[in-house]
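One structure below.
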Amino acid sequence: MLHFDSDYMEGAHPKIIERLVRTNPEQTPGYGTDEYCESAKEKIKAACGIPDGEVYFLVGGTQTNATVIDSLLPPYGGVAAAYTGHITVHEAGAVEASGHKVIALPDRDGKLTPQTLKDYLVSFHSDPSKDHMVYPGMVYISHPTEKGTLYTSDELAGLKEICNEYDIPLYLDGARLGYALVTEGTDITLPFIAENTDVFYIGGTKVGALFGEAVVVPRKGILKHFTTMIKRHGGLLAKGRLIGIQFDTLFTDNLYFEISKHALKMASILEQGFISKGYKMMYGAPSNQKFVLMDNETIEKLREKATFEFWEKYDNDRTVVRFVTSWATREEDVRQLIDLL
Amino acid sequence: MLHFDSDYMEGAHPKIIERLVRTNPEQTPGYGTDEYCESAKEKIKAACGIPDGEVYFLVGGTQTNATVIDSLLPPYGGVAAAYTGHITVHEAGAVEASGHKVIALPDRDGKLTPQTLKDYLVSFHSDPSKDHMVYPGMVYISHPTEKGTLYTSDELAGLKEICNEYDIPLYLDGARLGYALVTEGTDITLPFIAENTDVFYIGGTKVGALFGEAVVVPRKGILKHFTTMIKRHGGLLAKGRLIGIQFDTLFTDNLYFEISKHALKMASILEQGFISKGYKMMYGAPSNQKFVLMDNETIEKLREKATFEFWEKYDNDRTVVRFVTSWATREEDVRQLIDLL
Amino acid sequence: MLHFDSDYMEGAHPKIIERLVRTNPEQTPGYGTDEYCESAKEKIKAACGIPDGEVYFLVGGTQTNATVIDSLLPPYGGVAAAYTGHITVHEAGAVEASGHKVIALPDRDGKLTPQTLKDYLVSFHSDPSKDHMVYPGMVYISHPTEKGTLYTSDELAGLKEICNEYDIPLYLDGARLGYALVTEGTDITLPFIAENTDVFYIGGTKVGALFGEAVVVPRKGILKHFTTMIKRHGGLLAKGRLIGIQFDTLFTDNLYFEISKHALKMASILEQGFISKGYKMMYGAPSNQKFVLMDNETIEKLREKATFEFWEKYDNDRTVVRFVTSWATREEDVRQLIDLL
Amino acid sequence: MLHFDSDYMEGAHPKIIERLVRTNPEQTPGYGTDEYCESAKEKIKAACGIPDGEVYFLVGGTQTNATVIDSLLPPYGGVAAAYTGHITVHEAGAVEASGHKVIALPDRDGKLTPQTLKDYLVSFHSDPSKDHMVYPGMVYISHPTEKGTLYTSDELAGLKEICNEYDIPLYLDGARLGYALVTEGTDITLPFIAENTDVFYIGGTKVGALFGEAVVVPRKGILKHFTTMIKRHGGLLAKGRLIGIQFDTLFTDNLYFEISKHALKMASILEQGFISKGYKMMYGAPSNQKFVLMDNETIEKLREKATFEFWEKYDNDRTVVRFVTSWATREEDVRQLIDLL
């Protein structure tokens, strides 16, 4: 069976495993106060060009989103996000669990466009009954989006400009950030993100680590008492060094980017395969997630040999399905999949 | 420097590490739906004598407590716990974050006694203004307690009987359960806990694992939609197998108990050392946490060579401090510490 | 200036005022435990045909919705409601404040149709990742809806049937219920609502009272410890009798229905006036709220002589505005308004 | 039967009733945007000596406490209060419902002393694990306290000084503030409270109004988007003018103080009666609540003729009970009660 369901199906990159094994007997203080975490934070700050910034480590993505959003919002505030946003749909109400509404806005292929955001904010602030409505207290985007698309630097800068105008923070969910940063044609870099967001996170779980996400705060101070917030949200790992060691490894010798490039190479071969076999690619997703329109019969037959995800119903006969490559995808598996088409 | 701060200072037991390395390249479905989790659940259910029970895996202790308590309580309910309980003091308000009050009750050396619980419940239910008060919807205890003490089987059965009388669940936090179960003189076993609680968790983080806690539900059905609850609380690990593999290893060939015994042996040597040097041991803590009364000068000097935790001020000159042994404690370190006294 | 903004612009019906004055010096026990509340509850239960039901009193509508919804939902559950629902838009996140998502579904002129609900529930329950999504734990509708439309008995029974199939409660917000019940052509009565919902509330604030809403539970037991829930949500009035006296008066000699009929008569005259002057009525709203399409110039001019509410932008030149009549509307004011058109 | 249970047993002062009747037919805009509210706010600001301050109106006390506390606290913060505080015990978890812990501290006859507060804050801020604990984000006191005692100006200033030192707001619950302000010997005035707190509320429900509490913000800006917060907490009355009219009346011609004086006169007669009959008065409560030590037999007999509240068990034979006078208490009832002793 070939597996293309997601990018969290294997363990960690061998270099990470090797280092976890080597450091296993060491004794370190708990809860991320160890020197591995310190070292990893310095490397991440350097990669982002923010010597005065802050970095925090959490275990997983939903936890990270819920904790950051709860920290950024006032009690009367909600978070504006795309209809298809991960926090809108697939986090089991973790944002609402802290009392906050996800203000869902229309998306264009997964992206919240500056125009949509602006229109909504103008409309809200001119509504005579706005005091009876949830205040838009921040904006959430993901990069890549849920539909595998990428923001351009103009779009990201545009969103940030609007957020500045309304004095609300912009938060970027980078669960798959590595793959976005090495996609051909992108003009968005870590320093650019650091400049154009207030908080973002660099995903480890889906990009080579066993688990772990690095929250980056370019201009420090916006996340108050954040260690207490992480603890309160159940995200403070006792053996915090485990995340420090993993990110320290990922941000040594460009490993985070190198392994992401592999995923993109595999995704490209896969896409070419689909196209050459006459399939229609959806959403224009340039990164490591590929969305394909398939008739239901083909899907059923393919499921005998490969795993992949249902995305959405297209019409009565056809469905959009998703194939994901990762740092661990083997080229032979991609080739075999293409042969099955 | 010698380290006796806590039982989470090292990585994982070598057998766990070895297995994580071996399984690293494998591909498994996410979020705990893999076969390692299945196997671990079966072994835990067997060890608890509950073939029809349920087991769930979460990453850490605070997260586990918050998720279980949120699942067990109605919105108008609070959780009764000792003043010194971990949820009362050291979880940064994670229980309150879900809207629930911790109803703090006096403890005796860390334990919530049946008499104290009964007195409180009788008083609550006879209070004419009880409708204006938080309803006691469940009871939380930890075993060992925060003061290293252990419930007797009579005490645990007594608490359960009272909970049955008032039709509220009893939940046991077993962050250090392994150490409790192998303490000399205890008559509490896993099957006894399964019989006398409604939910409990078997701690991995402090007993040989990198991280991970196993929530056990002896009589199934009480935790509704619990996977969604775990997700909502940010505790659903994408690479869920990591916890499955660790618990499967811990519950193979009695590893969980064997490594716990080592900690107890080290604790016993340490305690003997303290006593032989004339120190007063506090709380009658029989397990792997030892509380010692020390004058502040001695503490200061000892801190140059060893790390350990402040527990509480005793008087102006003396302080109670805590030393913890674990599955990983080396006998030579214990001997060296005693020599320093 | 003529006022048609809403149905809460005057005080209370003279019979209520007269009785509040008369009972003012009396001493009664607090928090709704007085005999006026008892009497009012009995009259409401009789009017609904539910001798074994339950009735509770709260102060206002948002508070009532938030309290009932928090009582009905499990922590992993959300409430399905129309996009235009009051809880979705105009309650400042009161539902989310208790940790619950409002699952917004498309509406047809303010109504959540059985088909829309069914489609959503089928889709949710067949989604492979439903464990990662907010569980639809109940359904909220309002009658009349936010767009002044009314459910038919078939529609309401259809919604209830679907809720039964999925074993989730149906809750009806009756802020303006009096006006709905006396609208010409409706086949929905209080007993019919009692039969076809699990909880509903009879609005007092907008139908003759100073304030106050009566929560009705046709089949008792579904709202557990509800007095504590009301207290927790800040809705337990110390001088609870004030609401009891008002509802007792409203449900004596059919007052609630009689005064509602007056509002409908006024609404009918108003609507005829609009139509005779060539205006287009919107949404087919048969009750006491009338929605009119007006060009922006006319609106501006009319605002010099009358108050009414902006509803929604129609196109660049035209806007939908709302005019509301009530138990207190004077026919001369309606005639004057028509003359201004 | 004579009633001394509480100070919310009658309706409103006749002047309020008279004015509610007179204004009943008027049409005003909703949600507190009317001119009666404006006028009342101006009068309250004048009485407090804070021309630049802010005033908001809510319906009841628990709602007011929950809303203010939710507005003042960051998500990681809790509210420090006396063990016996109303929010600690008798508000059904309304504070926890917004995710916040009530940090209960020992009281002296109902009062949180500056020393107790200081000791706690010093201890918290020097605790090495404070990041794992709920941050003390504000302080709550009530005046009079739950035990009928009053702060001195030195005590209140002392608390404020400590709050300033730690940069956290001080909030005063004045449910019975009128009675406190006219108690013989007190040196605390409205302007003094305005100077020495960050937010406080002036109780209407227990001091002559049908309902209603006035939140006062001496230095504006600390309660952000507070109208939305009130709405979110279900406390925004549609016919907001009802509270405006009541407070406008209470703050015209010193009515609030005059009617409070009556209650104090009645309380004094009652206390003299108890003392002359040999009863022991408890807690040194100088205001309108009187706590009396009685043997259980006497209590039982007295209950046949009078209502009053159980306060706390004293020993097996004796109980502390509470008698409350109000603006409405009739001297003849007090005399009759004394005759019964």
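So that you can tell them apart, the chains are marked A, B, C and D in the order they are listed, and the count of residues begins at 1 in each.
Convention: contacts are C-beta pairs under 8 Å (C-beta built on N, C-alpha and C of every residue); 3 or more make two chains touch, one makes a residue touch a chain.
Here the structure is a predicted model, which means the values were calculated and not measured.
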Chain labels contacting chain B and also chain C: A, D
Taking each chain's C-alpha mean as its centre, the one farthest from chain B: C
Where chain B and chain D are represented by their mean Cα positions, the distance between them in whole Å: 41
Centre-of-Cα separation between chain D and chain C, whole angstrom: 33
Rounded Å distance, chain A centre to chain D centre (Cα mean): 49
Interface hub residues of chain D, defined as touching at least two other chains: 75-76, 91-93, 97-99, 131-134, 228-229, 231-232, 236
Touch list for chain B against partner chain A, complex: 3, 5-6, 8-12, 14, 17, 20-21, 23-30, 59-64, 66-67, 91-94, 97-98, 205-206, 210-211, 228-229, 231-239, 242, 307, 328
Interfacial residue positions of chain A with respect to chain C in the complex: 75-76, 78, 89-93, 96-102, 104, 128-129, 131-134, 309-310
Contact set on chain A toward chain D in their complex: 31, 70-71, 74-76, 98-99, 131-133, 135, 224-225, 227-229, 231-232, 236
